[in-house]
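Naming follows writing order (A, B, C and D), and every chain is counted from residue 1.
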Amino acid sequence: MLDGLKTVARKASQTRALKALLEDCNVLMSERGEANSVTIGNQLIAHFERLPEDKLISFFEHLANDFSPDPKEVLAAAQDYATQQSAGHLKRLMQVSEPPRQELFRRINRTPGGTATIVGMRRTLLRNLRAHPELQVLEDDLLHLLSSWFNPGFLEMQKVDWGSPARLLEKLIEHEAVHEIDGWDDLRRRLAPDRRCFAFFHPQLPDEPLIFVEVALVPDIPAAIAPLIDKKSPPLTTDQFKAAIFYSISNCQPGLRGVSMGNFLIKRVAEQLHRELPQIKTFCTLSPIPGFAAWLQGTTDFRHIHGKKRGLGLRLSEAKDVLLEASKGDLSALASANAQRSLTPVQVAAQMRLCSAYLAHQSVATSGADPVARFHLDNGARLERINFLGDLSRKGLKQACGMMVNYLYDLQQVEANHEKFVHGEVVHARGVAALL
Amino acid sequence: MLDGLKTVARKASQTRALKALLEDCNVLMSERGEANSVTIGNQLIAHFERLPEDKLISFFEHLANDFSPDPKEVLAAAQDYATQQSAGHLKRLMQVSEPPRQELFRRINRTPGGTATIVGMRRTLLRNLRAHPELQVLEDDLLHLLSSWFNPGFLEMQKVDWGSPARLLEKLIEHEAVHEIDGWDDLRRRLAPDRRCFAFFHPQLPDEPLIFVEVALVPDIPAAIAPLIDKKSPPLTTDQFKAAIFYSISNCQPGLRGVSMGNFLIKRVAEQLHRELPQIKTFCTLSPIPGFAAWLQGTTDFRHIHGKKRGLGLRLSEAKDVLLEASKGDLSALASANAQRSLTPVQVAAQMRLCSAYLAHQSVATSGADPVARFHLDNGARLERINFLGDLSRKGLKQACGMMVNYLYDLQQVEANHEKFVHGEVVHARGVAALL
Amino acid sequence: MLDGLKTVARKASQTRALKALLEDCNVLMSERGEANSVTIGNQLIAHFERLPEDKLISFFEHLANDFSPDPKEVLAAAQDYATQQSAGHLKRLMQVSEPPRQELFRRINRTPGGTATIVGMRRTLLRNLRAHPELQVLEDDLLHLLSSWFNPGFLEMQKVDWGSPARLLEKLIEHEAVHEIDGWDDLRRRLAPDRRCFAFFHPQLPDEPLIFVEVALVPDIPAAIAPLIDKKSPPLTTDQFKAAIFYSISNCQPGLRGVSMGNFLIKRVAEQLHRELPQIKTFCTLSPIPGFAAWLQGTTDFRHIHGKKRGLGLRLSEAKDVLLEASKGDLSALASANAQRSLTPVQVAAQMRLCSAYLAHQSVATSGADPVARFHLDNGARLERINFLGDLSRKGLKQACGMMVNYLYDLQQVEANHEKFVHGEVVHARGVAALL
Amino acid sequence: MLDGLKTVARKASQTRALKALLEDCNVLMSERGEANSVTIGNQLIAHFERLPEDKLISFFEHLANDFSPDPKEVLAAAQDYATQQSAGHLKRLMQVSEPPRQELFRRINRTPGGTATIVGMRRTLLRNLRAHPELQVLEDDLLHLLSSWFNPGFLEMQKVDWGSPARLLEKLIEHEAVHEIDGWDDLRRRLAPDRRCFAFFHPQLPDEPLIFVEVALVPDIPAAIAPLIDKKSPPLTTDQFKAAIFYSISNCQPGLRGVSMGNFLIKRVAEQLHRELPQIKTFCTLSPIPGFAAWLQGTTDFRHIHGKKRGLGLRLSEAKDVLLEASKGDLSALASANAQRSLTPVQVAAQMRLCSAYLAHQSVATSGADPVARFHLDNGARLERINFLGDLSRKGLKQACGMMVNYLYDLQQVEANHEKFVHGEVVHARGVAALL
């Protein structure tokens, strides 16, 4: 019963905190708030941080409902502007159609720690958006503002290496999302002289990497991931560096999801490496294909791939079966199955053909596309090479039946490639063309 | 004749550059520009910097005309939103009512040097706005964006002292707008241990101070400027510091005019000094009154000042004459005139009464107000004290008949004071009340 | 046979390298070397680094023999100086009695990397000194020079924390000599907000910590080490800090053995903490007693301890047996043995009496003294408290039968304490006096 | 009379301070001082700084007399060492023949600020050495220690430019000794992009440049100084840089006179520029000849120059007269005199011949040599070219009759050149050979 009382008391206290927070918002939006947003902003942040998630949802709902534009004012301003496109009419239109919560966020953002608070707000919001679709208006505003504030022009690119603060390196271990970092020894290898790591930082979040990319400097475009992340491998020497391989790119801030940073980071890194090591001529990824197995599973008709070549249809169907077996992720079972089959080059080619088809045709689709493929192709990279048995980790087998892919960045071509991609064409190398 | 040909050739080349610049804008706004704004952005900046001012005006006109919202689309979106306030309708409304040039500026801003270019654009624009009022729409967009990007939360406050780079100090000499800095020796005195100087910087303009404030640490609130800026004066010691006097605040970036920074800077400096030197209890300005003489000149009826006190009216009228004589700026003539008159305390009080009335009543007016008074009072400061013969420099006599004023910053009261000011009330000290 | 040939070839090559190195020394000492020591110095360092250890010994022997003062010149200069103490005679005396190898080392030290080379040289020398006592003259010179160059006035003290470079932190893990650091998680706990770590650096060896000390900020002087180095323990808050405990001090450079740094480091850290956290009034160690068990083993006569108190003699003898059992390092055996005995306070006191006697009487002895005790007592600390069962680690039991000790640093008293210690008196707290 | 009393009181106070200082020295040398030199060192420094110059002399005399080696001990140790060259005997010899004041200085040097104090001590000492030759023993010790502590290996070279702290730049203006810097505008030109300035710093004196060199980057070896230091001259662009001209080198610390730094600085700068700007192939000075006019004045017999060429003797004698007229420093008188004479090439050559002879023959002499010539030639530079009318400033005419000289640094040859110079040979270019 005592517990019950405590719960009641805690709830009452939270309700009071929510009320105080809403009051802070009102004050911050008033003339009082205009004069001295820092004090009120600090208080608002403190109240915000004390609220549990369910109260935050109430807070978000309030922002979504009570800080929206007034439809009547908007309509009147639109009519005036339609009648005459004067500066005054346009200014008024802008003012009344911008949701007032944008100004609220800008005022919070003036406070020390305000940027971090808003990023944290959006993280919580995104986590709850599916369950609360009515909060989408809030999400639209936050994405708009954060995209402006985290404009790549405001981001600072820093090299991360073994001389970086432990506090920062710890975050790489935590956030690496593609090929997990297995402790400090693994990390040290990934920061050895034949590796590079770069991250974007924002001046307002000085100790927080926003996104980072890991690069291997190697003699050739690699076909498999295991040697690249082998922590026992001896580092290469500078004269052996011919290609820079982007083998992992990870976001560290869930609250910045959807704010474009990765595409700028890759290009800035390529330019920086080009200056630092002119002997490097090739900039390329070694990427996973996270959507391949799922697509294969759901695909039964390969006619758009084999076209009228009858025999090919059968082989593709067989290749699908082999691949799906691989996707079960059991490496030894796969090995023995393959030993029995003793795959012929033709059979291997059929498997790669399926993968090429997936990447070349599905990546332009609006739904069901491989997200990594979409990212790099939209970014202007070229579909360079399909790698059979490129990733034999459990995850690699499960997601992509062991396949990996290289996307090539030719800085002279990225604009043209992107433009083609926008119009539905995937630029690819000859080797890939042969498979299509 | 050769010269004529050269001019023709130069004009043709400039016309081509303008055309190229407009084409850059189009490309930057296309999908191509989305992918790789840096390359195109660099090119755009290069073209921009080659244009002479008249072509820039043409460019601005193009931005003002061709990158505005479509009135029909706006109206349709407003009607939809009036019918139903869905997230989709709101998003669409936002999209179509935001002038596309805002996105253009955001893309330019992604380029290294983009921020500086946009600030420079606005500087040119502001210089030409009076002659080209149709460019106001462009100015509205630029002020909106720059206010968001130069949000005080993104500004870094740095102490400037004699250990700062010469390159930076040179800019203080150049931009000091209130009490001119007379070379490096004068500057050294202003950065001596009993002085402080703080500036705001933006991460994208690392070597450019945006605004700076000069502070004197003294035993009492000073009544005259000359001793504060006397380069021969010996520095005081730490135990003598009781009050921090903000005696000059100057903007360095004409392209950021109207972006609020000074109010935040003063408060941040006060907080910083409060932490560093807890013995300092008073934060106060010693400010010019640039609009006083002009107002006095144009004012003939003092009834709202003297009310029903008949005799006072005469004295005010006489005080006005004395003051206007001072505003002629001839110090020795003034001295001999005053010697003849041998001013009584009552006469002095009458002069100060006029000044108090100006500051207390005119500062809330929307036009004709003293800009310095408006700045500090709106910022939450208190009208503290009128200083007779506070500034005997030619400029001080001319603008303000030698008067100066202190505005006091009590960080506990600035919010309440600002609120009162917004509602038409000027908070003032008892000494001032006695004059009103 | 091929291997044999290879060995012959390698030996020949090494012999040539040794010869080249000796030639470098001659050139560096000539006028040629005076002008441009950097080039020759670089070459000398390169040759040096290629030599195997046995050739280095030959090199050292050469330096010890051929770069010594000429006895006849020394005698002549001494006679002149005895006759007349003129500046010229003294200068000459200094010149001829200084071994020329000192100038050689000074010239090597002008070269970038020279300091590191000389420190490395001494490391190798020290390792071989016991086997080659004739090299003692060389060691005397190196210690003399390095003591001058690593003068505490030239050392920079830096705080080391979780924001320090991983490259540096790695060296703490490697060199911690007192209580081993068990990986990065353990290290992170030792750098948590209630811990401090400081190291000395030399400008010529910027990435190399020379010596570091670990400090725990706690409410009371601790009696046992385990809680201090428990990586699971939750950090204390600032208001709980009353005492700073130096619980580990480790040298990182074997080539700087015997160069006094630790005593200066402890005092500089105490001063720094005193400024930063004025609430801390107590600066104290929690130290091991590495020589206790060995001393106990070899001691049979306790008369100088028990004096004429007959009964005490018996108890001390019994205490010795119990302690030596503990020193076997088997914690569970010890526990069961003690359970059987169920030690009385008197028995415990007898054990502590033995330990006190060891520290108070043996530390002033020139040989057989506990090195840690000598270090802190010579440094001016006070023998503060004996801690029974303070270190139950295998090493702690083996070396010191589980005993630990606190030495207290009272910065006002360290000079006087040191002076007494030099004259054979160990300053101790009352609690210790009661045991003596 | 009151003044008399005051003087007596002050003198008494100073005598007490001197006594206290001597007592500090004794304590610092005792065991007490060994333990905690910082506290005592601080006190010693404070006492030292309060003493007037005459008391400092007394203090120096005390150090010179009472802290010298004991002649009997020295003789005994020398005899032992002569008998047997053991490590023990050598160590003892070293200990007793080193003046104890060296250990005193080392202990002072452990104190924060100790290095600066010792450098200041030597500055005062050098100023008084001529009047107090008995202090030479002290000077020998200080030079020995400071040469070891300011070893070039311990010095940090920093680029100085317009982004350097004003506090530092101010010191360049103050210390430039060759071609005076005429205020901040002049300084700014000397730090423009076609100029370089580098200084040596010591970690213990972080804000104090020790020595700095000014370099001009130009297309050719210049023959005159005026264009190089013309503050109105427009900066050249990077592609025009072919030669780096060291046109001024200045010491900032009188207390470090005689500690070799300039030779190392020039070579380090040449290496750094060679790396940064590989197109620069020539490293050369444009130097004054401060001793030329004085030498010419005192020289009447030119037979060693003209040898047996009779006519030459006459011409040299005439050239001497013309040159000495120039050395009167009156530029317009000189111009009109020269106009009357309308100098023939032969006459000019005769003047240059005299200058070449001075530099080539006198620079190796132990006394009367040109100090700048000795510095560069001993440093391994080559006598490259004599420049007639190279410096028409009053100082240039007076010291060197307007002559200037280039010394060329060929980093591949400096060692060999230095060696030849030590053996009496001045390496010179063909053009100079033709004049000799």
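As a convention for this text, a contact is a pair of C-beta atoms (placed from the backbone, for glycine too) under 8 Å apart; a residue touches a chain by one contact, two chains touch by 3 or more.
None of the values given here were measured: they were computed from a predicted structure.
*Asks:* Quick check on the contact network: minimum steps from chain A to chain C?
*Replies:* Shortest path length, in steps: 1.
*Asks:* What is the distance, in whole Å, between the centres of chain B and chain C, each centre taken as the mean of its C-alpha atoms?
*Replies:* Taking the average C-alpha coordinate of chain B and of chain C, the gap between them is 62 Å.
*Asks:* Between chain C and chain D, what is the gap in Å from one C-alpha centre to the other?
*Replies:* The separation of the two C-alpha centroids amounts to 41 Å.
*Asks:* Among the residues of chain C, pick out those that touch two or more other chains and give their numbers.
*Replies:* Not one residue in chain C touches at least two other chains.
*Asks:* With touch defined as at the top, which chains are paired up in contact here?
*Replies:* A-B, A-C, B-D, C-D
*Asks:* Quick check: in the complex, which residue numbers of chain D touch chain B?
*Replies:* 162-167, 169, 183-184, 188
*Asks:* Enumerate the contact residues on chain C facing chain D in the complex.
*Replies:* Checking each residue of chain C against chain D gives 30-32, 34-36, 38-40, 68-69, 71-72, 74-75, 77-79, 81-82, 85, 87, 90-91, 93-94, 97-99, 106, 109-112, 114-115, 133-134, 136-137, 140, 144-145, 148-149, 151-154, 156, 203-204, 263-264, 267, 378-380, 414-416, 418-419, 422.
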